[in-house]
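Here it is, the structure in full.
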Amino acid sequence: MRAVVGGIPGVGKSTVLDLLRARLGPRLEVVNYGTVMMDEARLRGVTNRDEMRRLPAQVQREIQASAAKRIASARAEYLIVDTHFSIRTPQGYLPGMPLHVVSAMSPDVLVVIAASPEEISYRRAADTSRIRDASLESVREELEMEKLFAVAASNESGAPLSIIMNRQGEAEKAAGELASIMGVRSR
Amino acid sequence: MRAVVGGIPGVGKSTVLDLLRARLGPRLEVVNYGTVMMDEARLRGVTNRDEMRRLPAQVQREIQASAAKRIASARAEYLIVDTHFSIRTPQGYLPGMPLHVVSAMSPDVLVVIAASPEEISYRRAADTSRIRDASLESVREELEMEKLFAVAASNESGAPLSIIMNRQGEAEKAAGELASIMGVRSR
Amino acid sequence: MRAVVGGIPGVGKSTVLDLLRARLGPRLEVVNYGTVMMDEARLRGVTNRDEMRRLPAQVQREIQASAAKRIASARAEYLIVDTHFSIRTPQGYLPGMPLHVVSAMSPDVLVVIAASPEEISYRRAADTSRIRDASLESVREELEMEKLFAVAASNESGAPLSIIMNRQGEAEKAAGELASIMGVRSR
């Protein structure tokens, strides 16, 4: 069972994934798509992310595709690809799971973790370790874009799409919903 | 002229299609995509829908594609594929016209039948023969998802997308709009 | 750098593009996708747009693809493809950058020029040279559809998507944002 799980910064995705890991132990493998891409890039002599971003677009596409195929061949009982369906960049919203990647990855389900714009804004403002746009207007737009890009990836791949609301203080509930979508059975 | 017509349960799609059938008689053929898929599955020894759903994903995709190709080769003057652009399932919103299906089917136009959330909610609550979520919140989300998945299918196939509002007591008007979109001429 | 720039009639796209042309001079080439398609059609003996629209769908697709490939091979320092992501027609919203076109064109960035529905409605009503729906309801729907189709094209091509608000009296600011997205450097 391969799930692609996206969510914009501040929705609490890591917390939800940690709770699921606590439930499933070694049956669950969580891979970060960006990390797998970087592993693939290293095989081609690239040493860091800045260098990867400066590669020709065609080479970056090949790295994306190799990473997607490596994930598609993973043999975990439950595999989660931790990623974003869209990433806000100076050039605009960059698709995190574009057609050629989601096709190569062939996931079973797609999941977007969402939260209330107010909570996300609050969490971003409180996290002084990173500079991120904490305005409600920006958070609302990012949430909307994450959903729209996920719908596109869903229709391109044929994999069903769930949107899970991670409400304040209810991360356990969100983790339970994710487990249910992934068809987790207790053994 | 091949039209793919979707709409969530409760929008009154069947009523609109019945009215169009009454206008066009044998010039119109309406096929249910799920039924055509089941016909294809039977050729492979599958005997019911539950069995079909338990087939490996790859086999289901092949059945979907065969059904789409059979529809693409139909020779009706006006052909309507009665379907959904997204289907709410326990795994999330399942695309009804994913890329590989809509490409193989190559429709001329895509149409979503919509209605006011209040009317849909009322109709669902009144239909005691089926258990369906009649909450306004759920209906609104399903309507939104139906539209978003239809846009994705439209851009993937290149076929134009219309959204027809089926207002209370105006199903004849909706049927007329559908006829106009399909380029129906009186003879 | 190839940018596909869309926007519904009345957003002030031409003004923004003219301002960018004034900044960049011959470094910028702006091509209208419809014009390039018509050029391709002429090579096949088609003499006007009405004739092109009456061609079999398959031939129109080939013309679209040839035009996209010609654009993909252009060698301008900055190339803008002036187009729409969706076009309102009697058959519904027609995708302006469907999958097969945006794949062949392989743009670096996608941009939607937007504006407030009120301003667009006002401009459309004031432009008596063309008959266009100036109702706020219609303008809002067209703006929404332009964005949704652009998201689909973005996920299909992998190119990032920006939405630039062209506010009343601030077209210079919008042109500056477009320049920045395209990575324009002064020389």
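Brief remarks follow.
For clarity, chains are labelled A, B and C in written order, and residue numbers in each chain start from 1.
Keep this in mind: contacts are C-beta pairs under 8 Å (C-beta built on N, C-alpha and C of every residue); 3 or more make two chains touch, one makes a residue touch a chain.
Please read all numbers here as calculations on a predicted model, not as lab measurements.
Matching CA atoms, the turn from chain A to chain B amounts to 120°, rounded to the nearest 5.
Residue numbering shows that chain B and chain C use the same positions for less than half of their mutual interface. Averaged C-alpha coordinates put the centre of chain B at 30 Å from the centre of chain C. Touching of two or more other chains is recorded for residues 99, 148, 152, 156 of chain C. Across the interface of their complex, chain A is touched by residues 99, 108-111, 147-148, 151-152, 154-158, 160-163, 180-181, 183 of chain C.
Residues 57, 61, 89-95, 97-101, 145, 148-149, 152-153, 156 of chain A are the ones that touch chain C when the two sit in their complex.
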